[in-house]
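Structures incoming, each one as structure tokens.
Here chain A shows up in two complexes: once beside chain B, once beside chain C.
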Partner chain A sequence: MASSSGNDDDLTIPRAAINKMIKETLPNVRVANDARELVVNCCTEFIHLISSEANEICNKSDKKTISPEHVINALESLGFASYITEVKDVLQECKTVALKRRKASSRLENLGIPEEELLRQQQELFAKYSCSSS
Partner chain B sequence: MPGQKKQYSVRFPPGRIKKIMQKDTEVGRIAMAVPVIISRALEMFLKSLLTKTCLITQAKFSNILSVAHMKQCIESEKIFHFLKDLTEEATSTATQDNRGMSMWPIYRTKNNNISAQTPSGAGEIAL
Partner chain C sequence: MSQTNPDKDSPASEAKKTISLPTSRVRLIMKSSPDVSSINQDALFLTTKATELFVQHLALTSFTNGSGREANTLDYSDLAKTAEETDIFHFLTDILPKKILARDYLNSLEQLQDEDADF
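Moving on, here comes the complex of A and B:
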């Protein structure tokens, strides 16, 4: 989605998502508008904190791409080790979804039967069953 | 766990997270799952920050969670210390502009010259 208004410096987590988070975490608490804005900016800082550390860990390894493992190690070294269990759960979900997606697309590829052929086969089947019923 | 589609009610946009990460020019390629797990970590982080700040709000018998409460929370725990600079900017802006954070490029600058300054005498925090 191309950003029509503003430049790259306006990159933050959407305010609506933050408001939702606040509502869910503190359902009966009023939160000042400038406090909400501060929360939005805390998100950016947190992301930069984790990214930086994960990037350093990545650079030290032989890899060029920041992997989930790098992020997990970053959380550990930055003092967020208590987050790791849940983060690993999410990672597992990601892997499961990715696997399902790969299986689904390979199944379609292996069919390899073009649509007209499938239609023809369907007609054949219809013909066969109408014959057998009469 | 089986049968549950999505366990998390709030999720932050992975695409946006990736863009934020890549603002740092040192950061190169990022595996697909990474923004998703960072989204989760961020959720947990916010839950922790908000809950702990709220304790301060309640301790002060305040009706509304404010920047001041957040600042106090951030200073009180080592894990939040990376946010200290952010709160310095936020507090100094808050005393100048009581309308609230509507224009955050102003919020981000250190030297604020907001013409519509409410004359804050007693409320000013000397930094």
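Moving on, here comes the complex of A and C:
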């Protein structure tokens, strides 16, 4: 799907992702097109809301980078405390997944052919091709 | 490193179950907020997931409280109504103007023009 955003202000979550979520939340419900469009824009608005609040909290805490703690406090102060438990769970899962990934890729490096060997093979191939093309 | 689009790899497809929205896009939106500088990766995940929960919450609440419930539909007015009636969704009222009839809008425009003409 071609991206329509040329402008920072037009940044939105992809419509397809929103449609999918709406469908999963409200299966069998007919949702008007302009309502869908609206939800897309509400998302952007929500993200701005959370970011600004988290940013303020971050500034007050003398830190330069918005941390998970800041986001959680932002959710709390904006009335979205009910999201916190689930949001924290996801964080845990993401960390686990990232860890698995790192382990997996390092295992791959160990099983694979060492880089020097690969380089050597590459040089051989280059040499071979330059001979055959002349 | 982007951990957004789920690949066919198994670790990434596990991540797919936890987050469906693209984190890279969420990051871009966050950074377009004034004054926001850097965002920790974990903070990004949290925000993305919170946004997902928000969509579900908004859709469900709007449907449940809306007039479309009997007809099993959800439309613009259901969302606008929820934004007005639910405290935590009040921030949406700026982008959810109640739709007005074009006729009424033109009338109010005319009125303004008349007032200007009096100068």
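Throughout what follows, the second predicted complex is superposed on the first by the 91 of 134 C-alpha atoms of A that agree within 3 Å, B and C clash if a C-alpha of one lies under 4 Å from a C-alpha of the other, contacts with A are read in each partner's own complex, and residues count from 1 in each chain.
What we mean here is this: a residue touches a chain if its C-beta (ideal position, glycine included) is under 8 Å from a C-beta of that chain, and two chains touch if they have at least 3 such contacts.
These figures come from a predicted structure and were not determined experimentally.
Asks: With chain A superposed, do chain B and chain C clash or fit?
Replies: Superposition result for chain B and chain C: clash.
Asks: Quick one: classify A:Ala127 as touching chain B (first), chain C (second), both or neither.
Replies: neither
Asks: After the superposition on A, what does A:Arg101 contact: first (chain B), second (chain C), both or neither?
Replies: A:Arg101 sits against chain C, while chain B stays out of touch.
Asks: Just checking: does A:His48 make contact with chain B only, chain C only, both, or neither of them? Give me first, second, both or neither.
Replies: So A:His48 meets both chain B and chain C here.
Asks: What is the contact status of A:Ala17 with respect to chain B (first) and chain C (second): first, second, both, or neither?
Replies: Once the two structures are laid over each other on A, A:Ala17 reaches both partners.
Asks: Just to be sure I read the superposition right, which of the two partners does A:Val87 touch: chain B = first, chain C = second, or both, or neither?
Replies: both
Asks: Please indicate which partner A:Asn28 is in contact with in the superposed arrangement: first for chain B, second for chain C, both, or neither.
Replies: The answer is second: A:Asn28 touches chain C but not chain B.
Asks: Would you sort A:Leu118 into first (chain B), second (chain C), both or neither based on which partner it touches?
Replies: Neither partner.
Asks: Shared contact residues on chain A, chain B side and chain C side combined as an intersection?
Replies: Shared contact residues on chain A: 8-9, 11-14, 17-18, 20-22, 25-26, 29-32, 34-35, 38-39, 41-52, 54-55, 64-68, 71-72, 75, 79-80, 83, 86-87, 90-91, 94-95, 98.
Asks: Over in the complex, which chain A residues touch chain B? Could you list them?
Replies: Per the touch definition, chain A meets chain B at residues 8-9, 11-14, 17-18, 20-22, 24-26, 29-52, 54-55, 64-68, 71-72, 75, 79-80, 83, 86-87, 90-91, 94-95, 98.
Asks: Tell me, which parts of chain C touch chain A in their complex?
Replies: Interface residues on chain C, with respect to chain A: 3, 9, 11-12, 14-15, 18-22, 25-26, 28-30, 32-40, 42-43, 45-47, 49-60, 63, 71-76, 78-79, 87-88, 91-92, 94-96.
Asks: Report the residues of chain B in contact with chain A in the complex, numbered from low to high.
Replies: Within the complex, chain B touches chain A at residues 8-13, 16-17, 19-21, 23-24, 26-34, 36-38, 40-47, 49-51, 54, 57, 63-67, 69-70, 78-79, 82-83, 86-87, 90, 93-94, 100-102, 104-105, 107.
Asks: Which bits of chain A are touching chain C when the two form their complex?
Replies: 8-9, 11-14, 17-18, 20-22, 25-26, 28-32, 34-35, 38-39, 41-52, 54-55, 64-68, 70-72, 75, 78-80, 83, 86-88, 90-91, 93-95, 97-98, 100-101, 104
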